[in-house]
Amino acid sequence: MTASRGDPIAALNRDTVCAFYDAYFDTLDAGRLEEWPEFFATECRYRIISRENYEAGQGLCIMQADSKGMLGDRVRAILKTQVYAPRYNRRFYSGLRIVNARAGELEVRQNVLIVQTLLNQPSQILGCGAGHDRVVLNESGELKFADRTLVLDTEMISNSVIYPA
Amino acid sequence: MTASRGDPIAALNRDTVCAFYDAYFDTLDAGRLEEWPEFFATECRYRIISRENYEAGQGLCIMQADSKGMLGDRVRAILKTQVYAPRYNRRFYSGLRIVNARAGELEVRQNVLIVQTLLNQPSQILGCGAGHDRVVLNESGELKFADRTLVLDTEMISNSVIYPA
Amino acid sequence: MTASRGDPIAALNRDTVCAFYDAYFDTLDAGRLEEWPEFFATECRYRIISRENYEAGQGLCIMQADSKGMLGDRVRAILKTQVYAPRYNRRFYSGLRIVNARAGELEVRQNVLIVQTLLNQPSQILGCGAGHDRVVLNESGELKFADRTLVLDTEMISNSVIYPA
């Protein structure tokens, strides 16, 4: 991990970054989707992409948003379709690492396991993968995602609606 | 997180609380059920409740004990029935947060994944959910649960015997 | 946790040990198997053993290597057979504890969940268990495994090839 001296983001410790992810996953686990875009910088990117495509350098994504506005659109689309099959998604993460800190930006990785529970059914794995993220401080000193790219090990998502993670 | 000055529990850091949970889950994972009640305060409550009931404000629980004595009764009942189908339950947790600290009490949340392995069978998810707990310091300065409420995403527990988690 | 004064390994904190495990699991998750032996001391042991055998004191292992050279042999064997069915294994850990620190050695435990994804199939649990490890500092001051013993809750590994974890 390298950082220019005096870069405020380089002074952040792992606990502060973990607390940001804890709040992020808690918001999604609790189903407060309308708060989800607030974790992103004004200029941002959100992607869910299969590991096969990601490692092959192909840009085809399972889900992609290139601005905070598009994240809001996505939320509205999900909330409209949520009537179909009520479910809970819960996210577990492991091995959070700050792999780089430079120019006002942290590069963060972490393993993610998404467990889904449909009403009156046993919980099962929806997918797993790794976050390849860039996190920045906004003008108010709050952590925000400049880029969250969730690289999923599978292309098979047993889901008609793709939920954020 | 707010706390009155001079409240000893407010001085505890996240690592100390994590160590308490690590010891708690290790005791259960190792099957040392007879030690389980020792993690609770004399006045305590333990509940496993479905998320649907919890969010609807309904009190109906999958398992409930309202005193340390009842926890001991539960342990004895489980140990008697353990002959039927030997199994291992292992608990994984993620996103532990101290959401409040006041009046000698910590409010703690964490995601929990319970993985079950029956003899000569592959491991599978038994359930997942979130702990909504209140943790206190006893007179000896040890952390104890005043309330452990495990809110499970599913009502379907593929189990005739309910084990603590 | 007890440690002799002046023992450099006793001065290591939990974060440093977690960072070692994060790097270890990341190397395996990313499939960089050829780097795997580098996490071990020159004199080392690696074992995967069923919990049933481990608790019965039986030495029969699912996989065993008694030297760094044998770890390299294992890697070459896996890489040769990897053509058969492409898959990703991803490791999640929880509850890492330093249960002892003495004589230049840390005894470390942690729960491990291994999730496997075969090409174009949903992710599923491959196995879960606990690491019962001994970690040392080598002459360059780097952490290395003197012993990594992964105790799996199941004997049923739905896999023709056993991957390290």
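Just so it is clear, A, B and C label the chains in written order, and each chain counts residues from 1 on its own.
As a convention for this text, a residue touches a chain if its C-beta (ideal position, glycine included) is under 8 Å from a C-beta of that chain, and two chains touch if they have at least 3 such contacts.
This is a predicted model, so every value here is computed, not measured.
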Next on the checklist: Quick check for you: after a Cα superposition of chain A on chain B, what is the rotation angle, between 0 and 180°, in steps of 5?
Outcome noted: 120
Checklist entry - In terms of residue numbering, is the interface formed by chain A and chain C classified as same (over half shared) or different (under half shared)? => result different
Next on the checklist: Roughly how far is chain A from chain C, centre to centre by C-alpha average, rounded to an integer in Å?
Outcome noted: 28
Next on the checklist: By the touch rule stated above, which residues of chain C touch at least two different other chains?
Outcome noted: 92, 94, 113, 125
Checklist outcome for this item: So, in the complex, the side of chain C touching chain A is made of residues 15, 19, 21-22, 25-26, 29, 88, 90-94, 113, 115, 117, 119-125
Item to check | chain A partner contacts - residues on chain B that touch it in the complex | outcome: 14, 51-52, 92, 94-97, 109, 111, 113, 125, 127-130, 153-156, 158
